[in-house]
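Paired with chain B in one complex and with chain C in the other, chain A is shared by the two complexes that follow.
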Partner chain A sequence: MHLLLAPVRWLMHLIGVPLGWVQRTFGMGGMAAVFLAPNLLVFSVFIVFPIGVNVWYSFTGGAALFPAGRVFVGTEQYDLLLACDSYLDPFSCRQDRFWKGVHNTAFFVVAQVAAMVAAALITALVLNREIRGRGFWRAVFFFPVLLSPVVVGLMWKWILLRDGALNALLVSLGYQRIEFLTDPQWAMFWVIFVSVWAHLGFYALILLAGLQAIPHDVYEAAKMDGTPAMRVFWRITLPLLWPTMLVVLVLASIRAVQVFDDAYVLTGGGPGTATFFIVQYIYETGFAGAARNLGLAAAASMLMALVLVVLTLAQLGITAWRDRQEGKR
Partner chain B sequence: MKQFMTAAAVTLTAATFATGAWAQAKTDVRIMWYSDGVEGQVIRELAGRFNQANPDINIVIDEIAFPALVQTLPVQLASGQGPDIARVVDLPGLAPHFLDLRPLVKDPAYWDANFGAFLPVMRPAGSNAITGYMTQVTVTGPFINKTLFEQAKVPLPGPKATWDEWAAAVKKVADATKTPIPLAIDRSGHRVAGPMISYGAKWFGADGRPAVTDEGFRKMAKRLVDWHNDGTMSKSLWGSVSGRTYRGANEEFNNGQVVMYMSGSWQIGQFATQIKDAFDWVAVPTPCGDVTCSPMPGGAGLVAIKYTKNPQQVARVMDYLASEPVLREFYERTLFLPAHKGIAEKGLNFRTDVQHVKDALSTFAAQVPTISPDAFRINSYPLQTQVFGAVITRLGQAVAGELPLEQAYARIDEDIANALKEAGR
Partner chain C sequence: MSDLVLSSIRKSFGTVDVIHGVDLTVTDGEFVVFVGPSGCGKSTLLRIIAGLEACTSGDILLDGRRVNDVAAADRGLAMVFQSYALYPHMSVRQNLSFGLENARMSKAEITQRVGEAARMLRIEELLERKPRQLSGGQRQRVAIGRAIVRRPGIFLLDEPLSNLDAELRVAMRGELASLHKRLAATMIYVTHDQVEAMTMADRIVVLRGGRVEQIGPPLELYNRPANRFVAGFLGAPRMNFLAARPAGRDLILADGTRVPVAVDLAPVAGQDVTLGIRPQHLRPADGGGIPATATLVEQLGSETVVHARSDALGALIVAVPGQVRLADGETVHLAFDPADAHVFGPDDRALPHVETAGA
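Coming up: the complex of A and B.
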């Protein structure tokens, strides 16, 4: 055994040589910085540097692609984006499409997150029961999460087109065709529905884990007391699941603010601007077609980043609060 | 045995080096290409023949979807990158990135004589550069499903019929035959520009700057919105998406769901191969407005990119592809209208047995003299995409019912002013 371990010991000794040098050079405190350096380098190159470039672009104008060729315009791009008679009426704003995107995104976040949390909770409650083929059903609900957003968008588009599968079904049952994608209300409904369908499995899984973490003896005590099922849900399940639901709420909100890919493929932002969201505004302003306004797109993305920072801080706060609550128990 | 192994190793090494040296001597010339119809297949075959005859050059055709080309090529060019050669539609906008082939091609006089009419659109203002040639000249115009007209027993409007007369006729046909889309116009600024010019739109003011929403423009814009409201046009094109997104109705036309489809000559090849004998389709002369009956000119050019590392080889490839026999075969097989003066004068024997394909080509060719100078002017304007982008975006909103036309006009003017300001910094 001693002989067998010898190569391992020799290898450890070999690794110890550079590590010893690092420790002598940077001290014990500096070791952490050295270990973190590669990750920090990647983080800086791919996250911090692009953010810095984006901030610079948001204060510049012109058609040049590279920062050096761009003209400094101060806060002009922000002024243009924020110039409104009333923020409640997008068409009173100079950049009306940006504000239409803000309004649509706000509506989408409220409606989609509410629908998502409700649907994910119901799904998790059902999947948490002792039903036949539980593993299979869990896989079924999770499967859409694995699909590419473009595939999701295209698939539902083919279903919802004027001559799509759903209208064919309606006509075969004797009903009139419905213009699902050219009617503003229907289009928004389907964007929300498809988004919930595509992401439901992920949030249901988190809630399922939360449900399974609730101590079983609490339910047994309630059963012995003869507590009705609805009362068990409102008085035991929901309060104990609440910290997990808050995390789901914040994660779903962050994802909802970023809505773009599947919705863009499904409706292209239309009809008109009925399903036009902030990310599509940024994409079209900065990248689509030959007329690129990188400065305006960068400023819009900075404003959107502010919203995401607030939501992320909320999530971090909730997570810390939940940890404290669990520590108390 | 040892001697044998040594000899084998030496032979293998020599062969490897020889192959490597041969491979290194071969220069890749990359062409970024998109296809509307069969031209991708044709250019590959032509490139293959060149590669066989020129072992030192390897033409590589990188075929990508048109929207991807429109989005990626300008960014590549702005960063000093890109292919060696590209097939481009936005010729005036990207002209500063094109390579001047004049000192590199074998016979500049041949290029001037045969492509001279189109070269000014393909080069930066004020230069006499030869940057490439047009792979096709296009003319916008409508196609109709003649079978539906016959089934509905509605006579075809005459050659000088107005847009209003055509709109009434196709609505009648669609109602009689239960066809879902009476009239479809591509969701593209270029496609509505011709009808607008026919109603008197000038696009530019006296100062030479864009002045878009004049009386002629408004006459056609109002018709566009009214036709969507009364069911002559389906909202599935103009009303279904947002912004400057392009939408065509070629698939719907192929499937017999459209009575009249306003698109252009580049669709002929595709219709010939996809519709076959499912129904009779014909190209009809451009409908008239109050002022004229103008289509829009257009086309795609094959241009050399100035960031290439192999300008000599690029020039040899361009000389080959632009040579008369090669280009003649290209036009004849793709059913594209020729942009080569010599070939156009001698005439082409388009390789199709289908009579209505030949008729459609003749109809479009006959439209060329009717193109208004205003149409040529807006088509060669370097910021054309910004102007057309604003038009589609705002008229799309008006069609969807979320913006009254008067507000849409004001927004179009403001969007264009912002774009010009940004481009002029």
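Coming up: the complex of A and C.
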């Protein structure tokens, strides 16, 4: 035992010497800052600094990559993005693709979040029951969350292509092929479906935790009160799960606004602009097009960030409210 | 108001048997208390009666009707949970009316019943509050109110006072007892607290390890416990148990002291037995009796509790009424009335008392 501990002791001593020096130099209060410093540094370099750069670029124009070559143009990029006769009609806008992206994203957020919350709730309710192999099923539903979005996109693409697995199945059953990815309505449906499939487990897990936080004896009281199952759901489960539902709603919305990678791999934004979203607009404007319009892309990012900030504040507010609710219980 | 018959109730969770065949009849209007140490199966038994748990075998009869397969809500019972189990998002009024709404009762009837229960429990001014805005005692009243409005045949109460502080518990004990009288309802009450059992029950059911140890009125169990477990469980401080050996009509204790007992010792002649004597029945005597050394003297004002020790007999507790001046380390001689002695045979069953003249 003594021999085993010797190297550990030696290591501790090795760490102890510089730590002792740091503590003498900065004092006990300064230690917190010292420990936080590496993280703050990484956070600054990769998060805060790029945000600053982005803000600056959104007020500049030209094709130069580095700040030195960029020209200050004031709010010109924002004016360009917001130049519309009617915001309800993307084709009346000067940046019609941006507005098409906004419209598609708005539709996607509403439809995907609704589908997501419903599917996650049903999944959580089922997984919360005493079913056989409960742990296994929980893992199954969570597994897609671990997949890379590109893998998700590719996998479903192989299933949904004209010559994909699903059409092969349809044909073998004697049905006509369906153009899943080249029909605008079907394409949007599958983008939503795949995105729900990929992220469902995460939200189901949160809801499951919420369901399990509801005291069991409340359900027993409801049983003694002779409450029909549907009434238990509407009058007891749902109200008590509501704070958690709100969190899921906002989290899912924040994520849905940023839809891009899996959808891009699946449909490339098509057919036409049927599944073209804001992030794809930013990506193509800033990086993929022949003319790299970094200023315009940065401005579009800022507008999107504004929406996300509002949603995030809502989420923080709701979380704080929920914690207060639970504290009172 | 109903009567209940349990016959050969057994319950297993997987391979673990928790109730080993319980038979019990509860008559209309009776207040029955299930008491026992934790894990004795008292709560499980209550939940079986409630219909929250199915029994593995046996019959549950309510007013003569077998209800094993009848859903909890349709048995006409109401339960008060240890944790109160109020609906946290509903007001007190909604908590009270929820079950009645489920039964599709008319609005007028619901209002009337809720009002009546609120008046009875003095929670009228709390009706619009949420459970989290109530104190423990108020929540307890609401939980009882939720049972009352349903006008159940039997009230089932699962350790309803255990989350209250000592003072409130005593007050609620009294209220529950008077509520029982006023409603003339059948109540089955689970507790691990023998004081609650003694003070509230018409009859006590003492359970241990999923078996009924004894059923009877509180004083009968106190005065004539059927076995060593019941004797030790009821009464505070706990009964003293001393190893002994019969010698004619007397017992010889481990230290050689000879004590007379009013118990028929013939069936256990020559066998090791246990003498049980309540602390309240021991008294210091001038010479004679059982010699012991006082190790701790607790002055409670109304009585004096003396913890004593004897090398041969072990620890002894004596409760003497009033204030007795006694110093730690002093030797006391302890005596008791033969009629107050309990003798338990090698199987821990109590031996029958013999009626002495004048007893």
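The rule is simple: the second predicted complex is superposed on the first by the 289 of 329 C-alpha atoms of A that agree within 3 Å, B and C clash if a C-alpha of one lies under 4 Å from a C-alpha of the other, contacts with A are read in each partner's own complex, and residues count from 1 in each chain.
Here is the rule we use: contacts are C-beta pairs under 8 Å (C-beta built on N, C-alpha and C of every residue); 3 or more make two chains touch, one makes a residue touch a chain.
The structure displayed is predicted, hence computed values, not measured ones.
Touch criterion met: A:F66 reaches chain B, while chain C stays clear of it.
Look at A:V309: by the touch rule set out above, it reaches neither chain B nor chain C.
By the touch criterion stated above, A:I236 is placed in contact with chain C alone, chain B being left untouched.
Annotation for chain A, partner touching more residues between chain B and chain C: B. When the shared chain is aligned, chain B comes close enough to touch A:A288, but chain C does not. Residues of chain A that touch chain B in their complex: 61-66, 71, 73, 80, 91, 94, 96-97, 162-163, 179, 181-182, 184, 267-276, 280, 284, 287-293, 295-296.
Listed in rising order, the residues of chain C touching chain A in the complex are 50-52, 71-74, 77-79, 81, 83, 85-89, 98-99, 102-103, 132, 146, 150. The touching residues of chain B, counted against chain A in their complex, run 70-71, 74-75, 78-79, 90, 93-94, 180, 234-236, 239-245, 257, 383, 385-386, 389, 393, 396-397, 399-403, 407, 411, 414, 418-419, 422-423, 425.
On chain A, the positions that touch chain C within their shared complex are 215, 217-218, 220-228, 231, 235-236, 239-240, 328-329.
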